[in-house]
Structures are given as structure tokens and as C-alpha cells.
């Protein structure tokens, strides 16, 4: 491509960093280096370098604005020092007062998503309607089409907002399912212990 | 008030400026000095002074982020130099597509004639609020009076833009759905019956 | 040992067993939140702290915990679980264990998410568009109207019919067997459990066994079994007094 070459000459890295700042301040979701490169009409490697400059300028403690890699992309957030002030400003962040039912539903959608309400009900053992509605309203999950096999039930998946709220770079940062469920083994062990006592 | 006075001693102006930066980067509407003072738990005059520091730091040409005073208060915007890049960012191909929820809502309104949000919700089996809002914003549906029987709920119909986007001369050119029923009423009844089964 | 006073220290509940039952019956405690296995373990551990086997306590505990399990099982397997009915009992048990493990994992994942929220609670991002972001003129690519028809057709697909085959997995009420056994004992002073319920499904047999425990607790019958897996013989209590052999003396 010719255009980026031409731009490189007229667009020193500092200029590109300013463009990246501008793009990040108007974006409503994290942007990947690829997104930024396409919008800036520049090449991804130079964008990565510019992100380095921006990250240096907006790092924790230095400014009230912090650059963070989250949900598979880059986004500005408020510095941790300003958390109390932000809490006073933003009345109902998505994460306040999530019920146990909502958290379990969120976990199921995050691990098994996209999945349907009947899927969630099957695992939790109780209807998930109100938990799903509250997660939808908070924007932590969204619709992901219908499951044609399951009679057209609507499927849900987690949103980029979910990753931002939980500070995940991607869903792959969730703990491995194999590492969870230690309680199952513990119960089995305790039962065995009781059984051994009994036969002893 | 006592608290702000105490804070003034422990909160130098530079610190307050960082808090103001943080608040402005998370806000989705312009903030007045009063808004900022309440969130920062500091006094408005000091906030005005801090805004001076922030404005100096984020002024046109110096950063990609620019502090601007608009009618509603203070907000960050992208620098003018980055206008083209921002336009490319926002005009993403993804925006040109319709979500499954929007497509379904549109199909219901197009085939079954003017209907209300509760009508759409009943057939889809899940709330249609955000789909309706996005279709309104895109100009694919518009308001068509109120349904007096349904407690005055607003009814929606498709627009001429809808017909252009779908390449139709009129709604009568929609693909036929004889397999679902002989007429609109029969199709509606069938959809209602299925939706009830699905949510049961 | 008085089972109703058994002190429990669970994730979802702390206090005596009878308070727990009251809360469950009043729907103030969600059974899904309740770890029944932990209750069983608490009881067993208490039981083995003593040297003697308290059969009265065991009987009472079995009745209460079975009732809890029955309630919980009903909640865990609503109508959607029809596919379970087609499984052999062993497969069904395996499926139950798999689902229990699956739920436990998700519960732990939920706990992980909660901790994460606490750690990440002081990170604030803007949610929604920037106040001064450039406005976009809505532009849409041309769409094929066939997509509208397809969307409507998909909404008209009926959900899978709920199979009635899984009715066998449903629990008949205990009271049904209480009445049945009482009427048998009016005609005969003794009967053989296996012969009486041999024709029934496993679930029904299990519930019938609960009915037996309930009758014994009420002092209406005595139960006799010569050895593990030997036939279980039931006799009316007035008959039992004539014989010298009772379970209590065994």
C-alpha cells in the first residue's frame, strides 16, 4: 500500500500518538491495535509503538486518565485514586448489587456462551428469567441470535462491557473449568473418610 | 460543610485536576463545575481553578484530547486534527448491519402491521426496547399513533427508508409466508402460540 | 441425639436443622443455595462422635433429608429435563452427578467473579458514548427481504414438545405409600417389602421405603432384616410385641 508510506513521512510517531488519544477518548468500547490502525490509516506496528507513548503518558499515578488493555483492546479509564469521586458521579454502575443468581448466570453464559435461558435453568435448577433480564439491562450480556435446534430459544453471550467490568483482557482469562469444582472432590474425600472410620 | 474544608488541606490543586480528568473521561454527558465539585467532594471555586489546569494540559494542538466548554458544561472531545480518523472509526462496517433482535423486530412490524413494544416483546419472548430504540435511531421504523386498547402504548410502523434499504416498492412485495398461515391474523396467532409455549 | 437440633454451619445457612426446614418450607431459603451433602456430612460426623448407633435419630434424619432432597430434585429437574427419562437408572445417576459437578463449577466461577469485582471495583470506564463524539449519519447496506421472512419463520418454530416419558422420574407422594401399607397391615399382620413393591419403579420403591421409615417412627410397625440385602420384613407393632425380636433390640 502506498498511502501509509506517504503518511509515515508526514506523520511522526508523536502525531500518531495524538490521533490514538483522540480515537480512544471518543470510543465507547475498547479498540484493538487493528481498529486504531484502520481509523488512523496507519500501520499496526506503528500504532503499537504509538500506544507505548500513550501508555507512558497515561499511566497510573501520573494522570487522572489511565490507558488499559482490557476486553481484547485498549481503553481509557479513570485512575484508581479517583475511584471514590467516580462512584459519586456514576450512580448505577453495571456491577453494583449483582445477586448470587445473576453472578451464577453470568458465569454460565461466560463459560458456555452463547447459551439459552433453558441451558442456564438446566444447570442452576431454577428459572433464570429475572437474572437474565437484570444482566441484559446492565449490559453485561446481550442477545446472540436464536438456537434453531432448541426451538428458537434466544441465545445470550457476555459483552465487552462484561470484560471491562471484570477487568479481563478476554474470556480466556477466566479460570479453567478443570481447576474449579474443588468442592466436589472435597465432599467425596470427606465421605470416604467417614466410610473408613465406619469400617475400621 | 466541613468535609470539603478538610479535603482542601490534603488535596493540592494538581491532585484535584487529576480527579477532574478522571471524572471527565468516564462521563457520558458534559459536567458542570458544580457536578464536578460534588463528585470530587471539593468546592466549586477550586474546581474552576483545577479546570484551568486541565484546560491548559488538554488544549488544541497539544494533545489528541481537548477540554471543551459547551452549553451543558465541560467535556473531553477529540482534537480537530483527528476528525478524519474519528469519522473512519465511527463509520464502522459493523454499524451497517442489523442485529438479530433488530431484524426480528423489523420483521414483526413489517409483516404484522403497526404494533407496540409489548406486542413485539410478546412475540419475541424477550424485551425489545433496545432493538426498537436502534431501529428508530436508524429511521427504519417510526411512531404511528397510540394503541388506545393497550393503555396508550406507542405503535410503530416501517418507514419509506425501510422499503429502500430492503429494495421493496411497497410492503406488499415482502416475501410471502403462506407456510405460516393464510393471513396476518393467522400468522400472529401462530407466533403468539409458539411464544407462549417457549416461555412456559 | 435430637436431629431437629442438629447445629449446621453451611454457606447459605447457620443454625439448627429445624429452623432451616422452616425457612425452606416458607420459601425464605432457596433450596438451590443449599448444600444438602454438607448437611449429611454434619450429621454423619456428629453420629460418629458417639459410639452407639442411634437408630431413632438415623430414621428421623433420613426422612427429613429425603424430603429436602425430593424438594431440591424437583427444583433441579423441571419439565425441560425430559431427556433424562430415556436413560437407564445408572446412566441417570451418572448424569445427576455430572450436573451436580457442573453446577458446583459454575457456583465457584460465580464466586471467582465476585472476588474479581471486589478487586476491580475501583476501575471506572465510561459506559456509553462520549459526550462530544462525532455524530454518525445512520447508513445501512442494502438488505435482502428474505432475511425478514427467515427471521419470522424462526420465531414460528415450536419449541420441542415436553415428553411425558419422564413422568417415571417424578416422585409419588409419600402419603400414597403410607396409606397403602396401612391398608395392607389391616389385612395381614406381616408383609415382605420386596414382594409388595417389586413391581414398582426404583423411584417408587425409594419413596415406599421412606414411608416405611415414617411408619416406624410413628411406632406403627417394626422392620426386620436378617442381613444386608436380605428381604425386609414388616410387621404391625401389636404383633411385634408378641414376638421378642425387634429392630431396637438387634
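Order of writing sets the labels: A, B and C. Residues in every chain begin at 1.
Heads up, the rule we're going with is that contacts are C-beta pairs under 8 Å (C-beta built on N, C-alpha and C of every residue); 3 or more make two chains touch, one makes a residue touch a chain.
This structure is a prediction, so every number in the text was calculated from the model and none was measured.
Engineer: Taking CA centroids for every chain, report which one is farthest away from chain A.
Structural biologist: Here the answer is chain C, farthest from chain A.
Engineer: What is the identifier of the chain with the smallest separation between its Cα mean and the overall Cα mean?
Structural biologist: Looking at where each chain's C-alpha mean falls, the closest to the middle is A.
Engineer: I'd like to verify one number: the distance from the centre of chain A to the centre of chain B, where each centre is the average of its C-alpha atoms, in whole angstrom.
Structural biologist: 20
Engineer: What is the distance in Å between the mean C-alpha positions of chain B and chain C?
Structural biologist: The answer is 45 Å.
Engineer: Can you work out the whole-Å distance between the CA centroids of chain A and chain C?
Structural biologist: That pair's centroid distance is 35 Å.
Engineer: What are the residue numbers in chain A that touch two or more other chains?
Structural biologist: In chain A, the residues touching two or more other chains are 25-27, 76-78, 82, 86, 90, 146, 151-153.
Engineer: Using the touch definition from the top, which residues of chain C touch two or more other chains?
Structural biologist: 124-130, 132-134, 154-155, 157-159
Engineer: Would you tell me which residues of chain C are touching chain B in their complex?
Structural biologist: Answer in residue numbers: 124-134, 136, 138-149, 151-159.
Engineer: Would you pull the chain B residues touching chain C in the complex into a rising list?
Structural biologist: 22, 25-30, 68, 70, 72, 75-78, 83, 86-87, 90-91, 95-98, 100, 103-104, 106-108, 110-111, 123-124, 137-140, 165-168, 173-177, 179-180, 187, 190-191, 194-195, 197-198
Engineer: Which chain A residues qualify as touching chain B in the complex?
Structural biologist: 15, 17-23, 25-27, 31, 35, 38-41, 63-65, 76-79, 81-82, 84-86, 88-90, 133, 136, 143-146, 151-154
Engineer: Taking the touch rule as given, give the residues of chain C at its contact with chain A in the complex, in rising order.
Structural biologist: So the residues of chain C touching chain A come out as 30, 32-33, 37-38, 41, 44-45, 48, 72, 75-78, 80-81, 99-114, 116-117, 119-130, 132-134, 154-155, 157-160.
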